[in-house]
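As C-alpha cells, here come the structures.
Each of the next two complexes has chain A plus one more chain, namely chain B in the first and chain C in the second.
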Partner chain A sequence: MKYSKLAAASVTALMVATPVLADLVFPSLSYRTGPYAAGGIPYADGFADYFTLLNERDGGIGGVMTSAPECETAYNTEKGVECYEATKGQGALAYNPLSTGITYQLIPKVTADDIPLYTPGYGRTSAANGKVFSHVFNFPANYWNAASLAVNHLKEVSGGDLAGKKIALVYHNSAYGKEPIRTLEGLAEKHGFELVTLPVDHPGQEQKAQWLQIRRERPDFVMMWGWGVMNQVAIQEAANIRFPMENFIGVWWSGGDHDVSPAGDAATGYKAVTFHGVGSDYPVFADIQKHVVDAGKAAGNGDNIGKALYNRGVYAAMLLAESAKKAQEIHGTPDITSSMMRDGMEALEITEARMTELGMPGFGPEFTVSCENHGGPGTGAIQQWDAAAGTWSLISDFGPSDMDVIQPLIDEDSAAYAAENNIEERCN
Partner chain B sequence: MFYREAGDFKTSYRDDSQTFPIRLDRMGYYILMFVAFLVVPFFINDYWVNAVFAPFLIYAIAALGLNILTGYAGQVSLGTGGFMAVGAYASYKLMTSFPEVSILIHIILAGGITAVVGVAFGLPSLRIKGFYLAVATLAAQFFLVWVFNKVPWFYNYSASGQINAPERSVFGVIVTGPNTEAWAKYMICLVFVVVLAWVARNLTRGMMGRKWMGIRDMDIAAEIIGVNPLMAKMSAFAVSSFFVGIAGALFFTVYLGAAEAGEAFGITKSFLILFMIIIGGLGSIFGSFAGAAFMVLMPVFLKNVLVGGLGWPTDLAAHFEFMIVGGLIVVFLIVEPHGLAQLWRLTKEKLRLWPFPH
Partner chain C sequence: MPEQLLFAMEVTLNGLMAGVLYALVALGFVLIFKASGIFNYAQGVMALFAALTLVGIQQGQVPFAHLINAIFGTEVHHFPWQVPSLIAIVLAAGVMILFAWIVEKYVLQHLIGQPDIILFMATIGLAYFMEGFGDIMWGSDIKKLDVGLPQGMNATIDQVTFDWFGYGFFIDNLDIVAAIVASLLVAALTIFSQYSKQGRALRAVADDHSAALSVGISLRFIWVLVWSIAGFVALVAGIMWGAKSGVQFSLSLIALKALPVLMLGGFTSIPGAIVGGLIIGVGEQLFEFTIGPMIGGATQNWFAYVLALIFLIFRPQGLFGEKIIERV
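Up next is the complex of A and B:
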C-alpha cells in the first residue's frame, strides 16, 4: 500500500502541473510500440502531421489552434482505458483509437460522456446505424463494405461467377478479425462460394499451421483480416507455399507498405481493399512536406508520407477537421465543445470541390452524413502492390459494396445492441 | 521506540492470536480502512478509479487467489488468465440470462463456477508436480481462451465475439456500464477486496492453511502426519480459483465493461499475476497487495512522469517504462528474493529494535 500512495501523490502533482490548453483537442490514442506498431506509427504520424499543417498553414480551424496529444496504448485495451480517462479532461473533441478492441470499450463510455468516437474503416460495423449509435461514426466505409468489395473484385476476376469457388479467410482471432465473418457467410450464400475460416492468434507470428491447411484445402482465393506483424508473416508464408499473389487479397489494414516489403519481389501482385487514394501525388502532401516536415515539426521522421497508413491518418484527420469546421458553422462559435463536435460530424458533407480545395482531389468519396447513416457510402477500390516500383496502384475505380446484404446485418446487430442496452431509436 | 510489543499486554488467547498483535499495526490498519472507506470515495474521479484503483484492487484479488495456490499450497499455476476468463464469461452469461438477479450474486456465482473449473484442471496436480504441473495449467490457459473464442454460446452469438457488460445496480446505485459513478466503481471493488482478503488471511492461518503449507513444504511428510493430499490440493485449487474468478468477473463487469478472451485474458495476464506474487512475496497476504500495486501502478506512474512531467515522446517513454520496470524487478529479486513482503517484514524487525539495535 505504501507504493500506491507514493504513486498516487506523484500523479496528482503531475496532473495539477499540466496546464489545460484552450485548443481544439483531438487526442491520438496511438501505438508506437508492440507487435502492432508497424501500422500504428505511420497512422499516428499522418494524423498528427495534418493537424500540425492546419496550425502552421491556416492558423488552426476557424482561427483556433488544434492539438493532437498522443497517448501510447500499445493496442492494449487496459492502457486504452487509461489513455481515454487521462485525455478526457483536456477537452477532447473526438476519439480515434485505431483499435477495434478499444472501440468496443469506448462506445458506451463516449455516449455517456457526450464525446464522439470516430472509427474510419474499423470498430463496430453496426455503429453505421446512427439511430442506435448516437456518438459513434465510421464513415466513409466499414469492415462489411470491405468484405463485400473484396468479394465483388474476386467475382469480377473470375469472370462474373463465384459459384463453386473456395475462399479462405485468414483472420486475426479477435473482435477485429471476426467482424467480417458474418457478412462473408451471407455473401457465400448469395454467390454460392465456399468459405473456409482460419483464425490466427495474437500476435500472429506463427502461421505455419494455417498455411499448411491452405495448401491442403487449395482455395481459389485467400482473404486476410490481419494487423501488425501478422500481415508480414502471412504474406511471407503465402510466398513460401507459392500461393499466387494476385489471388491473395487483404482488408485495408493488411495493405500497408511495411506489410508487403519484407517479402520482397515475391509480394508483387498482392492486393488490398482501400477506401482512399494511394501514393503521395496530392497537393496536400507537398504542403505537409513544406510546412511540417521541412520545418522540423513532423511527428515522425517524415519518411512515411504517401505510405498507405500515413495517408489514412491524414484522411481521418481531415474528416475530423472538416467536422469541427462544420460544428463551428452550425453553432456559430469557434470554441466548440465535444457535444457540438458531434453535431458537426452528423452534418458533415464532403464534396469533390471541397477536397480539391484541401489539396486532396479524388482522394476519397463524396458523401453526406445524416442522423440515420453514420457509415457513409461504403465505397472502395482495390490496390495492388508492385515490389519493383515499391508502390501501390489502384486497379479499379471506387465502386459500391453490396448494401443489400450488409444493411440487414447492420440493422440486426444494432437492434441487438439496442435491446441489450435499452436504447431507444433516434432520428424519428 | 514506537513500534514494539513491550507494554502491549494480552490477557486472552484470542487477543494473542489476532492478525495485528502490535498496537501500531492495528492502528495503521484501522486508519487505512477509514481512509479507504470514508475518505477516498469523496475525492475519487474517473481517471483515478479507472487508471489506478480499479485495476489495483482487482489485480490484488487475483494475486491473493494465485498466492493461495502457489504461495501457500505450492502448486505452480500458469492458468490464471484462463480462470479469470471463466469468471468474466460466467458473469456475462449470468448477467444476460438472469437480469433481475443482483450483480453481487452473479459475481459470487461466477467465482463458484470458476472454482469448479479450477478443481477440474487441478486434478492432474495429484500426480504431477512443479514444472510439469505448470505446463498442465498452461494447457488450461490455452484451452479456456480457445473455448471462449470458439463457442459462440459464450458470447451470445455477437458478430465480433466481444462481450459487453450491461448496466446493473446494487441498492439503486449503478455499478456496471458507462454511467457508473467513480465512487461506486471503487466501492464495489473495495468491498470485495476487503472481504476476500479477510477470508484469505483467516483461511491461511487456520487448519486449512496449515495443511496447504504442509503440502507445500514436504508433501510426503504432510501425508504421514495425516494431511489428506487430495483434499488439501483440491481445496487450494477451489479457493484460489474462486478468488481468481471473482477478480475476472469484476475485471470484466466493473473495470473494462467489454472484453474479448484472447486479448484480455491471454497468457500475458497469467504471467503478470505470477510476477505480482513473486515480486510481492510468495505466501503473504500483504505481498499480494504490494505486488499488485507495483505491477499496476509503476507503469502508470512512470508514464505520467515521463510523458506528462518531462514531455518525452510517447514511444520513447513506453520503451523506457519497460526497461525501468524490468530493471527494478531484477534489482528487487537480487536484493530480496522473497519479495516486497520480506522487505516489509525486515523493516518491521528493525523498527522493533530501533533506536537501540544491540
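Up next is the complex of A and C:
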C-alpha cells in the first residue's frame, strides 16, 4: 500500500513537473554564442517572442499552443545538422536554421523526412523553384532579389542610368558571399556598369587591402555581402577612407543595428536592402511588450524590439504561424503534421488586410506561394541608418526585383540540382 | 613616380601598421611561453575578456545582469554612473591581474610538473571557460569601444605625400596610435626585464626553472606576474582591435593572426614578435596587392601561414627563437 501510494505520488509529481508538450513545434536552430552571436541573438529573440505572443494573447494557433525550442548551433554547420537530428523527433513542423551552410546540408534531409525548411532571405536561392525543391521555401525574397534591388536603387540615385559606373562588391569569401556574383554579372551586362569583386576572408577583421583597393579604384558605389564582424569592420574602413556612406549599400544580412553602431556617427547614411519593415512602430510590437516582455516571458530582456534582426525573426515566425494556420484550414484539423505544414506553406496567402489584422500593416509585401513559386514576390525596400537617432528608416517603397535576369538563373541552377539528384519536376 | 609603385608603397606602410597590431597579440603569447613554456591558447580570449571588462566598467554595466535578473526577477542592467576611460582601463587591468592570480591558484598550481601538452590542454579549457564566463558576465551584444583613440585617415600624411608624389597615402590614425603604444610597451617590457628585480627573476625562470627555484625565486609569484603582464598586453590588444570593430566575440579569433607571427619570430623573443608581426603584415598585404587579383583575392589569411612556413623550413626556431640543442 505504502509503495503504491509512493508510486502514485511520484507519477503525479512527474506529471506536474514535466511541462505540457506543445503540439505545434517550430525548432529554432539559433546561435547565441560564438562570433556571430550578435546577429543570432536578436533574430532568435524575435522568433521566440512571436510564438510566445501567440500563446499568451491568442491561446496558440487554432487553439493549439506553440513552442520554439532552441538548439544552439553557434553558426556551425555540423552543430546545425546535429540540432536537426536531435529535434526532428519532437514533432518539428518546420526548420529555420538562419545559416546558408546548414541549409545546404539540410535540403536532402528535410525532403526525405517530409519536413519543410524555411529560409527567408538566405539559403539556396534556386530553392525558390518549387518544382524541384518540394520542401524548401524562401519567400518573400532571396539573395538574387537583394542584388537586383540594390542595383535598382543605385540606378535610381544615378538618375536612371548605370552605364559607365563602377560598382565594387565586398563579399564574405564563402558560398554565401559569392551568391550574388552571377546575378550582378548579369545585371552589369544589362545595365552597362563595371563590377569589381573584392573577397574578404573569414572572419573579416582585417580588410585594409580591400579598402585601399577601393580607394584606388574609386568606384561610384560599394555593395556589401557580409555577416558578423566583417560588416562592422567594413563600415568603419569605409568611414576611414572617407567613402560616401550614401553610396555604400549592404544586403539585409549587412543591415543590422549592431553592424552600424560600432562606427558611431560615421555610419550615418549607410544603406541596406530589406524585405520587411523597420523600427518598432507597429501594433504587434506593443502587443509583444505587453503580453511577452512585461509578463517576463521574453526570450531576451526586450531591448531588441524594433531592431532589424529582431523584426526579421518576428516576421519569419509570423509567416510560419500563418502557414500553420493555413495548413489547419486545408486539412481541417488543428493538430497538423510536418507534411500538412508543407501544404500550408505552399498555399500561403499574405494580404495587407491580414497583415493589418496581425498588427503589422505594411510590414511586408502581399504575396501568394504556389507549387511552382516557393520564393514569393522578391520585393524589397531600402533602409538607411541615422546614427544620431539610432534608427533605420525606409527611404523607398517595397519595389520589385529584376526577374528577367533572376528567373533564368533560378531555372538553370535548380535544373542542375534536379539533374544531379535525379529529381523529377513536380507541379505539372 | 609610377602609380603602381606609389600604391605599393602605401600598401607596404599599411602592412607595417597591420603588423604592429598582430605583434601586440603575439607579445602576450611570447611572455607566457618564455616564462613557463606554456603555449597559451587562451591569449585571444584574454584580449576579448579584457576588452569586454573595460567597456562593461566604462559603461557602468552590471556584471552578470542577465543571471541576476533571471534568478531574482529583477530588472537591473546598468549602474547610474559611467566610468572615465583611464580609470576603466586601470580597473580592467586590475581584473586581469585578479584573473592571473586565479589561474595560477586554481589551474597552474595543480599542474606543476605535468607535460607541456597537459598545460596546453588546460589553456584550451581556460579559453572556452573564459568565453562563456565573459558572455554570462557582460552579454553577447557588440559594444562600442570609445576610449578617445583617434580614428580615420591621417590628414597630415595624406597632404604631405600628396605634395611629394601627387598621391596622398592613406594611414589610419588608430594604426599610428597602435604603433606608438606597441613601441612603448616593448620598451617598458625590456626595461622591466633588464633592470627590475622581478624582471631579472622572470628571466632566470625563463632560462632555467630548476636553477631559479634553487636560488629562492618563487615560481608561483613569477607565474602570477607573467600572466598579469600578458593580461595587460591582452587588454591593450583588445582596445586596439575592439576600436576597429566594436568589442564582440569574434575578437578572440585575433589569436589566429598571432600564430604565423610566432612561427616566424620565435616563441621566446619579444623583438621576434615585433619583427615577425611586421614581416607578416607587409608580406600578406603586398601579396594581396600584387598576386591577389590574379588568383581571386582574399589571400591574407593563408599567405601569412605560407610565409611563416617558408621561414620555418630554413630556421625552425623562428628568426629570433633560441636554438635548442639536445645532446644524447
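By definition in this document, the second predicted complex is superposed on the first by the 407 of 428 C-alpha atoms of A that agree within 3 Å, B and C clash if a C-alpha of one lies under 4 Å from a C-alpha of the other, contacts with A are read in each partner's own complex, and residues count from 1 in each chain.
The definition used in the following text is that a residue touches a chain if its C-beta (ideal position, glycine included) is under 8 Å from a C-beta of that chain, and two chains touch if they have at least 3 such contacts.
Not measured: the values here are computed from a predicted model.
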Inset, instruction - State whether chain B and chain C clash or fit side by side on chain A once the two structures are superposed. - result: clash
Inset, instruction - Applying the touch criterion given at the start, work out whether A:Glu420 contacts chain B, chain C, both or neither, answering first, second, both or neither. - result: first
Legend entry - Which superposed partner A:Ile241 touches (first chain B, second chain C, both, neither): second
Inset, instruction - Have a look at where A:Lys109 lands relative to chain B and chain C in the superposition and call it first, second, both or neither. - result: first
Inset, instruction - Please indicate which partner A:His331 is in contact with in the superposed arrangement: first for chain B, second for chain C, both, or neither. - result: neither
Inset, instruction - Check whether A:Arg32 is in contact with chain B, with chain C, with both or with neither, and answer first, second, both or neither. - result: both
Legend entry - Contacts of A:Ala175 with chain B and chain C, given as first, second, both or neither: first
Inset, instruction - May I ask you to decide whether A:Glu78 touches chain B, chain C, both, or neither, giving the answer as first, second, both or neither? - result: first
Inset, instruction - Name the contact category of A:Lys297: first (chain B only), second (chain C only), both, or neither. - result: neither
Inset, instruction - In the overlay, answer first, second, both or neither for which of chain B and chain C A:Asp201 touches. - result: both
Inset, instruction - Just name the clashing stretch of chain B against chain C, choosing from 8-16, 134-142 or 350-358. - result: 134-142
Legend entry - Residues of chain A at both interfaces, chain B in one complex, chain C in the other: 32-33, 37, 41, 173, 199, 201-202
Legend entry - Of all residues in chain A, those that touch chain C in their complex: 32-38, 41, 173, 197-203, 205-206, 208-210, 212-213, 215-216, 228-229, 232-233, 236, 239-242, 258, 261-262, 264, 266, 296, 301
Legend entry - Of chain A, residues touching chain B in the complex: 1-4, 7-8, 10-11, 14-15, 17-18, 30, 32-33, 37, 41, 70-72, 74, 76-78, 81-82, 84-86, 88-89, 100-101, 104-105, 107-109, 111-113, 124-126, 173-176, 178-179, 181-182, 199, 201-202, 409, 413, 416-417, 420-422
Legend entry - Residues of chain C that touch chain A when the two form their complex: 7, 10-11, 14-15, 17-18, 66, 69, 73, 75, 77, 131-132, 135, 140-142, 144-146, 151-153, 170, 172, 241, 244-246, 248-254, 257, 284-285, 288-289, 292, 296-298, 300-302
Inset, instruction - Could you please specify the touching residues of chain B with respect to chain A in the complex? - result: 32, 46-48, 50-52, 55-56, 96, 149, 158-162, 164, 166-167, 177-179, 255-260, 262-264, 266, 289-290, 293-294, 297-298, 300-301, 303-305, 307-309, 313-315, 317-319
